[in-house]
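We just call them A, B, C and D in the order they show up, numbering each chain from 1.
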Amino acid sequence: MAGAQSIGVGMLGYAFMGKAHSRAFLAQRTLGGPLQPELVSISGRNREKLEEARAQYGWTEAVTDWREQVEDDRIGLFDNGGPNALHAEPSIAAARAGKHVLCEKPLGRTAAESLEMWREAETAGVVHMCGFNYRFVPAVRLARELLEAGELGDVVHFRARYLQSWGWDAPPSWRFDSEAAGSGALGDLGAHIVDLARYLVGEPAALSAVVRTFVEEREVDDSFVAVVEFDNGVTGTLEASRLARGRINQNTFEVNGSKGSLSFDVERLNELQLADEGGMFTRVLVTEPDHPFMSLWWPPGHIVGWGDTFTHEIHHLLAAIVGDTSVAPHGATFEDGYRCAEVCDAILRSAENGSREEVSYRG
Amino acid sequence: MAGAQSIGVGMLGYAFMGKAHSRAFLAQRTLGGPLQPELVSISGRNREKLEEARAQYGWTEAVTDWREQVEDDRIGLFDNGGPNALHAEPSIAAARAGKHVLCEKPLGRTAAESLEMWREAETAGVVHMCGFNYRFVPAVRLARELLEAGELGDVVHFRARYLQSWGWDAPPSWRFDSEAAGSGALGDLGAHIVDLARYLVGEPAALSAVVRTFVEEREVDDSFVAVVEFDNGVTGTLEASRLARGRINQNTFEVNGSKGSLSFDVERLNELQLADEGGMFTRVLVTEPDHPFMSLWWPPGHIVGWGDTFTHEIHHLLAAIVGDTSVAPHGATFEDGYRCAEVCDAILRSAENGSREEVSYRG
Amino acid sequence: MAGAQSIGVGMLGYAFMGKAHSRAFLAQRTLGGPLQPELVSISGRNREKLEEARAQYGWTEAVTDWREQVEDDRIGLFDNGGPNALHAEPSIAAARAGKHVLCEKPLGRTAAESLEMWREAETAGVVHMCGFNYRFVPAVRLARELLEAGELGDVVHFRARYLQSWGWDAPPSWRFDSEAAGSGALGDLGAHIVDLARYLVGEPAALSAVVRTFVEEREVDDSFVAVVEFDNGVTGTLEASRLARGRINQNTFEVNGSKGSLSFDVERLNELQLADEGGMFTRVLVTEPDHPFMSLWWPPGHIVGWGDTFTHEIHHLLAAIVGDTSVAPHGATFEDGYRCAEVCDAILRSAENGSREEVSYRG
Amino acid sequence: MAGAQSIGVGMLGYAFMGKAHSRAFLAQRTLGGPLQPELVSISGRNREKLEEARAQYGWTEAVTDWREQVEDDRIGLFDNGGPNALHAEPSIAAARAGKHVLCEKPLGRTAAESLEMWREAETAGVVHMCGFNYRFVPAVRLARELLEAGELGDVVHFRARYLQSWGWDAPPSWRFDSEAAGSGALGDLGAHIVDLARYLVGEPAALSAVVRTFVEEREVDDSFVAVVEFDNGVTGTLEASRLARGRINQNTFEVNGSKGSLSFDVERLNELQLADEGGMFTRVLVTEPDHPFMSLWWPPGHIVGWGDTFTHEIHHLLAAIVGDTSVAPHGATFEDGYRCAEVCDAILRSAENGSREEVSYRG
C-alpha cells in the first residue's frame, strides 16, 4: 500500500447501511486500490448507538451533527447512509463544501428533490454516486456486459420483481413514516429494480401502475405493480412488495432477446441463468477468474456474499475519485438517482390517476 | 365396466388437440368412470391427414364436414378441437342439436362471439365445457383447494406468465393469421393464465396492458403485459410471450396471501411450492394418494404428464354429463370461456387506447 | 391400423405393475405400431380384485391359475408382473410353451434363478425382456445416446442412488417377506440403478458393500451402499434406501467424463442436466421433437409422465417381436436381468463377508 | 473496542489461505470480539510475493523464515496456512514456544504426523485449532444444532461428496506433488467431508474404498469413493474428485434420520434443505436473525459468502483463547485433525489392500 493516497471519510448513519458501508471501507485495504479511506467520523442522532458503532467499526470520531462533517477539512468524501429524509440537505451541503458524495438510494424522496441534488453536485464539480449496490453484484455486471456485447440480440422483454415478506408483522419503523421515508416498497425495493432496468435495458418511457397499501394504519405503500414501455421498444413488468410470504429477499429479473435470455435472483447472487438461441438455460456460477470482480476473491465455486457488493461499489467510487475511471456507466451517479426518481414518481401518478403516464426527464 | 353407460363422441380437429383428446378418450376405460365414450367420428378438411388420425386413434368414421356430426344421432358429445375460427359455428350448431359440447380455448375469437356461444349452449340446455386443461393439473387443483380452505389467508398478489420461445423462428401457421386465430400469444397462452387467475383468485375488474408484435410481417401479437386489479382488491401482473428464449413452456403463477404463498410452473407440473407464515417454500411433490386425481395413478413420486390433464378433464366432463357432478366450479364452462374473453378484449382495448380499462361482464 | 398384426397377451398380476402394464398395452393403439396387443387374459389369486382389474383395464378373461395362460393358444406374449417369487416358474413355463415373455424386475430372486430363466428363454428361442422401464425414460435414452456418441469423452465416475421414504411407516406387505421378495431395497430399488449403471457405463467388475436392516422385525434389507469398480476402469457409488425422509422417489444418477457430465432424477424425469468442457450444467428439457420417443407426444415443454415409460417399453417389445428391432441393447433382455442379479448377489456377499467381491458372469 | 485485549499474530503462507485468513483477521474489528488480532508478521519463501501480500493485507513485517516468528515474543498466535509439507514442523515449534496455533487442513500428511502435532500441542498446553472452515458455515452449524437436538430422530444414512472439475486441465502445482501435498483429492477435498461426517454424524469405524489417479503422470490421487460404517450404526458414502466436469465446487452432504432429513451444498451455502416426517424438503435460507452467526450480518435474505466462514472461524478461535468458549466441539481441534487423518489413512489402506479396513484411533 506504500504510495497509496488516502482520503478522509465522514459517514452519516450507523444502522443497516452504516454497518454495510463501514465494512466495505475497511475491506478496501485488502484490495490494493490506489486510494485508501481513512475513517474520520461517523454522525447520527442517538449518541449511545453512535458511539457503539464508532467503536465497533473503527471510526475515529463520532459527532451528532452532520454539519460538523461538512465543515471538517479532513473529510474528502461524505457518505450519506441516513434515512431518506436526510438525503438531500446533508448531501447538498457536503457537495457545496467540495466533498465527493456517496448517497444511499433512493436519492431524494421525490424527483424534484433528486433533481436538485444532482444539479448541486454537478455545479460543485464533485464526484457523486448513488448507492445502487446491485450494479456491483458480479452476475449483474456480467449481465450488463453480455447485453452490451449484443449477446442477447434485440431485447424485447424485461421483467423484474423485488419481493420480501416482513411487511406483515413488522414493528414500527421510520420506513413506514411517509415524511421520513417518502414511500414504502416503491422507494425501498422498487428503486433498486428501476435502476437495474435502466442499467440493463434502457429508459422507461411510459408506464401504468397500481400502488397499494394493504396493511391497515400504514402510511406508505406495501406494494406496486407496473407495466413499462421502454424508449427502445422493450416491454416489461416491474413489481415490488413487502407482503410476499415465502419470499425473503427475492430481487429477480429476466431479460429476453432475439438471441438469448438471462435471469438472476439476489437470493442466489452468484448465479446467472443464461440461454442462447439453442434454447435451454445454463446455470452459470459467476465465480470464474475472468468474471467481473472475481479477480479480487477466491477460486471458482467459492461464492461471495451480499456485503461484498458494497466493497466493489466503494472500490469503484475511490477509483473514480482518483480519476482511474468514472462513476458512470457502471456505477450510478446522482443523475441515475434522479432518473430513477422520475420513474418512481410516474408510478405514483399513474396509480393515483388511473392512467398511463409518460416519463419525462430533465437534462 | 359392466353396467357403465356409453356416449357417442364426434370430434372436430385432428392436429395437436385432436391427438391429446383422442388419447384422453381412450384412457377413460382404465379409470372406471360411469360413462364410457364411443369414438364415433372425427372430422377435418384434409382427407389424408384425417384418415391417418382416424386410424391411429381408433375413431370409427372420418367425415370432412362437421355438419354430418351435428346431424349424427349416434353422437351425444361434440368435441371441438379445431382452429379458433371454427369454434363458434360448429359448437353452436351442435348445442342446438342437443349435443353436449366440449370446445377448446379460447372459446370464441372475441367476447361477443364467446357470449353468443355461452347463451346458445345455455338455451339448448346441454352440458358445456371450455378446454382449460390446466385446471386439471393435480397441483393446480390442490392450489385451488388450499385457497378455498383459506390456507393462504387474505390474498393480496397474483402473478402469472406464460412464456414460450418458438415465435422467433416459427414456420407459417394458422396461429399467425388474424382471421383464423383471432389473436396470437394473447388467445393462445394468455387465455390460459387469465382462466387460472379467475379460477384461483377472482374476477379481473380493471387492467392496463401493452400488446406487441415484434416479428415483422406477423399479423397477430407476439406478447402482452398487463397489470390487473381484481374485484376483491388483489393486484397482479399477467404476461405472455412466444419470444422468450430459454422458456420452452413456462406457464407459471404465484399467489401471495396474509398466511402463505404458493407457486407453480407447468414445466414441473407435479410440483407445488408452498410457504406458510413461518416463511420458506416447501417443494410439494403432488403425487401423494390424497392429492387431487392421484388415486387414479401411481405410488408417490411417480409423476404424471401433461397429457394426463386431458384425461382428468374428460373424466370430469363425463361425470357431469351423467349428473355425478357439475362442470363448474372445477371445470370451465362456456361462461368461464366468455368471461376470459372479456378480459382478453379489455387487454386489447387498453393496449390500443393507452388507457386503464374496466372489465365488464354480461350476465 | 389397417394391416397391423395383432398378438394375444396374457398378464400375470393385477396390482401396481398390472395397472401400469395394462395402460401401456391400451396406449399402443395410439402409437401406430406394426403389432397391436389383444388383451386375452389376466391372472391372479384373489378372484375379486382380479375381476375388478379385468373389467377396469379391459382384459377379456380373468383366470386364477397362470398355467391356463401358458396353455392358451390365443396368447403369444406372456407378461409377468407378479411378485418376485412368481417370476421364474411361470416365465419359464411360458417360454417353453413358445410364448414371448416380458418379466418384471428383478428377474429372479437370485443370480442362479435368473440364469435359469435366461437359459430357458434362449433355448426356447422366444423374445424375452426384463422390465427395466427406466431405460425408456426419454432423458435416460438421450443420456445413453450421448455416451455412445462419445460426447462425454472418457468416463471416470458414475454415481447413482434410489431413495424413498415409505419404509419407516409401511404396513405389512409381501415386499418385506424374504421368501416372496428375495430382498428389500436391493431388489426393489437397487436393481434399477444396477441396470442403469450397466446400460450407461459398463459391467461392474468388483465391489464393496454394506447392506442394512434398520427397522426392527423386518426380514429384508432397508438399504445398501456400495463402491463399484467397472471393467473399464470407471469408479462409482451405488445406494438405495427406503428410509430417506424427504425423498419420495429420488432415482438419480450422474456420469462424469473427460469432456462432460450428465445428471438425472426420476422426480423430474423430463430433465437432463448436461455439462461440457466449458463447465456449467444446462437443464435440458427432453421434450424436443428430435429427442428420444418425443415424436410420439406433444410440443416442446409439454412433459410426459412416469407411466409413459411403460408405453415406450412395450412399444419396443412389440417392435422386437415383429423383427423391426431387437430387444437389446436399448431394452433389457433376460441376460441383462441375470447380469443385474449377479451384481446384487455380489453386494449381498460383500456385505456378509466384509470383503471386496469380484463380480463374475456366466455366458 | 475500548478495553478489548489484543494478540499478536504471525502467519505462514501468502497464497489462497493467506488471503482468506488475512481478510478474516481484518474483519474481526467489525465484530466487536473481546480479543483483537494485531498482524505482526507474515512469512514465506518467495520474497517478492511475500512483500506484496504483506502490503496488501496490512501485515507489519515480512520474514522469509518462519523460525523468526516462532522466536518472536510479540506473537501469541501462530497461523499456519502453508503447503501441507510445512504443517507439522512449524506448528509444533510454535506450540513448543507457547504460541496458540491455527493450522490449515489436512493437519499432517499422515495420521502419524497428525498425531504428533496433536500430542505436542496438548503437551504445550496451547489452544490449537485445525482449519476446517466448513464447520463455520451458518447452514452447517444449524445442521449440527438440529442433529444435536434430535430433530432428525435416529440417523441412519450419511452421504457426502466434494466434486470439482479443474483437475483435467490444471497447470503444475505443489498440489500434485506427493511429497509436498501428501495426497490429492483425498487430503484436499476428502478431508473436509470426513471432518463434516465426524462433526455431524459420528466416528467412522470401518470402510471400503477405491482411490484412483486417472490423469497420466500425476503423482497424487484424482478421486476416491468409500462406503463407511459409523460407530453408531449409520451407513454412508464419501466421495471426492477433481475430475467432475460441471461441478465447480460441489461440497454436498445429506443426512437421513427416522424423523427427518437435511441436505446442503457449498455452492449455495446459505441454504439448508430440511424435511420432516411429513415428507417434503423445505429450502431454508439460513439468514434469519436467530440462525447461527447471522446476528453478525444483514437482514434476512442478504446472503454471506464463502470468505465469511473464516471470519467466523477466527472469531471463535479468539474467543477460545480468552476463555469465553472452547475450540471443541464447534471448532476442530488438532485431535479432530488427527482423527480425520486416521480415516484418510484407512481409505488409502483399503484401496491398496482391496479390503474393508477398520479405523482405529489412538487416545
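As a convention for this text, contacts are C-beta pairs under 8 Å (C-beta built on N, C-alpha and C of every residue); 3 or more make two chains touch, one makes a residue touch a chain.
Since the model is a prediction, treat every value here as computed from it, not as a measurement.
Listing every chain that touches chain C and chain D alike gives A, B.
Residues touching across the chain B and chain C pair largely coincide in numbering: over half of the numbers involved belong to both copies.
Chain A and chain C have CA centres that are 55 Å apart. For the pair chain A and chain D, the distance between C-alpha centroids works out to 36 Å. As a whole-number value, the distance joining the C-alpha centres of chain A and chain B reads 42 Å. Each of residues 248, 279-281, 285 in chain D touches at least two other chains.
Of all residues in chain C, those touching chain A in their complex are 279-285, 288.
Interface of chain C with chain D (complex): residues 152, 154, 156-157, 159, 161, 163, 165, 168, 206, 208-210, 212, 214, 222-223, 225-227, 229, 233, 235-237, 239, 241, 243-248, 254, 256-261, 263, 273-277, 279-281, 354-356.
Considering their complex, residues 1-2, 16, 19-20, 22-23, 26-27, 29-32, 55-58, 164, 166, 248-250, 266-270, 285, 287, 297-308 of chain B touch chain C.
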